[in-house]
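Per-chain residue numbering starts at 1, and chain names A, B, C and D are given in the order in which the chains are listed.
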Amino acid sequence: MKELVLSLIADGGVLAGVPYAVAAPLVMLGFGAVVVFGFVLPIAGITSWLERRVWARIQSRVGPNRVGPQGFLQWLADGLKNLLKEDIIPSAADRWLFSLAPYLVVAGFIATFAAIPFAAPLIIADLNIGILYITAVTGIVVVGVLMAGWASNNKWSLLGGIRSAAQIISYEIPAGLSVFPVVLLTGTLSMQGIIQAQGWAPWDWFLFHNPFTFVAFFLFFVAALAEGNRTPFDIPEAESELVAGFCTEYSGMRYLLFFLEEWGNLYVIGAIVTTLFLGGWQVPAFTENLLVLTLVQFGVFFLKAYFFVFLAMWIRATLPRVRVDQLMTLCWKYMVPIAIVNMLGTAVWMIVVSEALGRLVQIAMTIAGAAIVVLFFRRVRFHLRRARLQPADYYYSPII
Amino acid sequence: MAGYLGNIKETVTSIFEGMSVTFSHFVRRPYTVQYPDRIPIPIQDTLPFRYRGILEVDLEICTGCLACERACPIDCIVIEAVKDKQTKAMVLNRFDIDIAKCMYCGLCSEPCPTGSIHHTSQFEGADYSLESMLRRFVKAPVVAYKPKKGPETDPVVGPLLDRGLRYLDDFAKPGGASEASEPDEAGAT
Amino acid sequence: MDAAALHASLRERFGDAILALDEPAAGDRAVRVAPAAILEVARHCASDPALAFDCLSNQSGVDYPARNEIEVVYHLFSYATRHAAVLKVAVPRDNPVMPTVESVWKTAIWQEREIFDLLGVVFEGHPDLRRLLLPEDWVGHPLRKDFVEPTEYHGISTKRESML
Amino acid sequence: MSLGGFDVQVVRESGFATEEMTLNMGPQHPSTHGVLRFVVRADGEVMTEAVPDVGYLHRSIEKIAEKVGYHGFMPYTDRVDYVAAMPCNQGWAMVCEKLAGLEVPRRAEFCRVIATEFNRIASHLLAVGSMGMDIGAYTPFTHALREREYINDLLEELCGARLTFNYVRIGGVGWDLPPDFERKGLAYIERFEPLIDEYNSLISFNKIYKERLAGVAVISAADAINYNLTGPNLRASGVKFDVRRDLPYSIYPELDFDVPVGTGEAGVVGDCFDRYMLRIREMQESCKILRQCLRQVPPGSVLGKVPRKFKPPVGDAYVRLESARGDMGWYCVSDGTEYPYRVKIRTGSFTATSIIEKVSRGLMIADLIAVIASLDLVAPEIDR
């Protein structure tokens, strides 16, 4: 970011002559606005459309395919519809809190994008406490959800809000603890710093660095799903139990804002996981052209992050929902102890294991990871064969 | 401890298994159709012969015997048939079916001697008013059909009667297909 | 166990509280029991090892205005010995009161609530005798033969104009 | 310390009193299976009681029977339990036949059993599908409904309707098997059976799913009998009783099938998981029955001689048959006229609902949903 600002205020730049102290915030704000309106909002919308399509295919259905090519514009239609709908505030609700809650939720989620990298030079603010900052601002979402649950003056909403508060606060701990192995390995909290400590090749990723980081990756992803209120941890809105949980009384745009957060947050999860464990935007240095390199880095990072969005959709289509007490059991009896063991294990690993042995372990773990993928597809083939499908039942194209 | 690790193992393997099932559905064809406009042939044409859709009456072969009116458990059929004093023929003044009330049970078409009242494969009955759900089949009084001794020769009635009898043949007959249905002892009420 | 044998054995134990054996032209034979004795008979049927009727399969009421009686019918079944029996208890229509068998078979809680709701038989000693299917403020008991449907309920007409 | 079991423990310290909350669940709630209402009193997430309030779907079917006559009541029996209408049809026909002492042609009995067993699979598919949905997994529901649609197609071909069949007649059935029906039915079973295994790997053996259901709302065998639970709910409590086998009717004595019972494979005998798993097992048994029936349908007529004005002699009869929701009791009083004097339908869902108040104490709100789904309540069947 700094290089970008410097190049802009240099002679011949767009902002030539402007002092650095003024130019830097301006560029940040400008880039932030581009990120929010040009990236965050569309990505949340498109994710909603894609989620419905992915679900539909898993469920032997077609899914929304009428608005635009393959229903691609469905999210715009839904957004417009919700914008035009009446904004109902129940008479018994606490007007101020009720109106404020969705904005708080969205603010907490959008603020995370300040520290999320897109490519080597593309990040709004490469904070030296980047990952800590992200963990902190997502906490604002809880306040919004709890506020929504309370202000609705509805028992189902209240239950949803309380569940959400308990859930998000609990899962901050395993999420935070599973970041530590990576932080220990890199010695920095900066998002760019963590990415720079990894390489482009899978064996250079922290995912395959040692068994502890491998486990930490799953712990972090599960905890992040729980923080994002995603299945199997979607108990705050648990449709079949709490009607719609904390957003039962919401309608129109305010209702949509909650879902903007939910879908947008998926990308945030993906981005953090990619940064911490999957080498972020790292690509081989194949060209000198900075623009091309940045674009490729952006593409690589986006694809990696979006794979986790897809994974979250896929998990949602597969798993049932846990119960409140089981959620807590999973967190406190399983994830927190394992996360602590992980942290200590990584520290010991760093001291005990020599570099050459570490290299061997990395390669072995990469091979094991590939083996798991192969095993997975063998199971897929098994299920396809067991279902005794006719040739007409197979259909590989996503287009219907 | 074994239970603790066992739980983790079972969770991981069962989720792995479930995810492989859902993934295998990505290469299977969706089973739903895009009703009503993106289907190769109209749904109505794919329905079986016995499908019980909206009722229809072929007045040309209605004998005015009132068997359907009596069989209807919900009283959604109203027929007015009077005997013309001069010609000794039954004249149908009214044959109304309230489709809004009809429960598509098929009990009316079973006792029909000619298959005049029968279910079609039409099912799209939504409309804006209750009145439009009332089907008035008799526009002007018509003479009821009188079964002939020999085969039907009339070019209009013949095919209708053939279709009607074929429709009737599909119903189970008491004591087997060869025996005719019992004569109705009650007569006109 | 045969209905006649059951009748004889019950008669031996309860004497005149067991009325005649009901033998209709069609269907099942039943043992008629006096209303006051039904709880004792039920207890005996459930606890006696030879009878062992551990399940009240069905409990229903029938209104007989001609006899001025409401008959409550108990269909008993034994999972232990797989035999069945029918008990019938007739109570007067104008004062249909009889003891509950809820203490013997818990399923009677709801079955008796339904009979109370639809036929107006009052089961003494029932823990929760409220209407089950109909609204709390409904007037009358619809399965009685002389029940006349009210023309309106809370200002809503119960008749729909027939289009025919 | 058992770290393995996710047991519910409510620890209340003295001086830490919380207010009880009355929650109104239903009649418009996403997972009350129709319009069913529960008045839930909850202390936080833990219920102190859940009182069912039924009657929102009461259509006075028993009263209607007194007005429409014996033949005319048949379509109304479809509406008693629209998820499994075929056993209701058959129950009404059976009680009328018992009153009048009618014989049913052998081929008609095969038709009835084939139709009923197909309908049982369809009904169980809906039950296990909505079970998954209520627990929060949406995919099993669509997969189950997809298979159910094929059964609906078959039954539509058989009787012209997909839901309210009106197929069985007093003394037989309304339509003979259509041509090629046996082959289509067998082909369907061939296709369907491996899909049960697929369904199991998708959801039944999922750890989260098991934990949600295992050990929840355990009903002991004594309670199940005392509350007159029937069918799968009773068998899940370990009582090996199936009306088809133990009080045989129709052609069931000639058929070879097992009666699965709850084994407590994930928790305790009689918990929600047992009730769920039992329905899966019953689908497999139904496939077995269907395979035997479809291979040996005898020739002959499918409708006995029954007068159009059906007047059974004075008397009363009670028949029981195995519907998809268990032992269904049909009680009919005849006064010798052409209208039934009194009809009473004792359904499986009715008695199952009455036990909810007892089993729900101390469960969590999320468990109530599981209990409703595992008992396979169908609201119209409760209210009739």
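The definition used in the following text is that a residue touches a chain if its C-beta (ideal position, glycine included) is under 8 Å from a C-beta of that chain, and two chains touch if they have at least 3 such contacts.
Please read all numbers here as calculations on a predicted model, not as lab measurements.
**Student:** Any chance you could check whether B-C or A-B wins on number of contacting C-beta pairs?
**Tutor:** If we tally the contacting C-beta pairs, A-B comes out ahead.
**Student:** If you average all the Cα positions, which chain's own average lands nearest?
**Tutor:** So the chain sitting closest to the middle is D.
**Student:** Find the chain most remote from chain C, comparing centres computed as mean CA coordinates.
**Tutor:** The most distant chain relative to chain C turns out to be A.
**Student:** In whole angstrom, what separates the CA-based centres of chain B and chain C?
**Tutor:** Computed from C-alpha means, the inter-chain centre distance equals 40 Å.
**Student:** Rounded to a whole Å, what is the gap between the Cα centroids of chain A and chain C?
**Tutor:** Chain centres of chain A and chain C, defined by C-alpha means, are spaced 63 Å apart.
**Student:** Using CA atom averages as chain centres, what separation in Å is found between chain A and chain B?
**Tutor:** Using C-alpha averages as centres, the distance is 54 Å.
**Student:** In angstrom, rounded to a whole number, how far apart do the mean CA points of chain A and chain D lie?
**Tutor:** About 43 Å separates the centre of chain A from that of chain D.
**Student:** Could you list which residues of chain D touch at least two other chains?
**Tutor:** Correct list: 3, 139, 146, 198, 201-203, 206, 208.
**Student:** Going through chain B residue by residue, note those that touch at least 2 other chains and give them in order.
**Tutor:** Chain B, residues with two or more chain partners: 4, 7, 15, 17-18, 21-22, 31.
**Student:** For chain A, give me the residues that contact two or more of the other chains.
**Tutor:** Counting only residues that touch two or more other chains, chain A contributes 58-61, 317-319, 383, 387.
**Student:** What pairs of chains are touching here?
**Tutor:** Chain-chain contacts present: A-B, A-D, B-C, B-D, C-D.
**Student:** Spell out the part of chain D that touches chain A in their complex, as residue ranges.
**Tutor:** 3, 6, 8, 21, 23, 29-31, 45, 132-139, 142-143, 146, 190-191, 194-195, 197-198, 201-203, 206, 208-209, 211-212, 364-367, 369
**Student:** Note which residues of chain B are touching chain D in the complex, please.
**Tutor:** 3-4, 6-7, 10-11, 14-15, 17-18, 21-22, 31, 47-52, 71-74, 103-107, 110-111, 119, 170-177, 182, 184-186
**Student:** Spell out the residues on chain C that touch chain B in their complex, using ranges where they run on.
**Tutor:** Residues 162-164.
**Student:** Going by the contact rule at the top, pick out the chain A residues touching chain B in the complex.
**Tutor:** Where chain A meets chain B, its residues are 56-62, 65, 314-315, 317-319, 334, 376, 379-384, 387, 389, 392-396, 400.
**Student:** Flag every residue of chain A that touches chain D in the complex, lowest number first.
**Tutor:** Residues 55, 58-61, 155-156, 159, 163, 231-232, 234-235, 238-243, 317-326, 329, 333, 383, 386-388.
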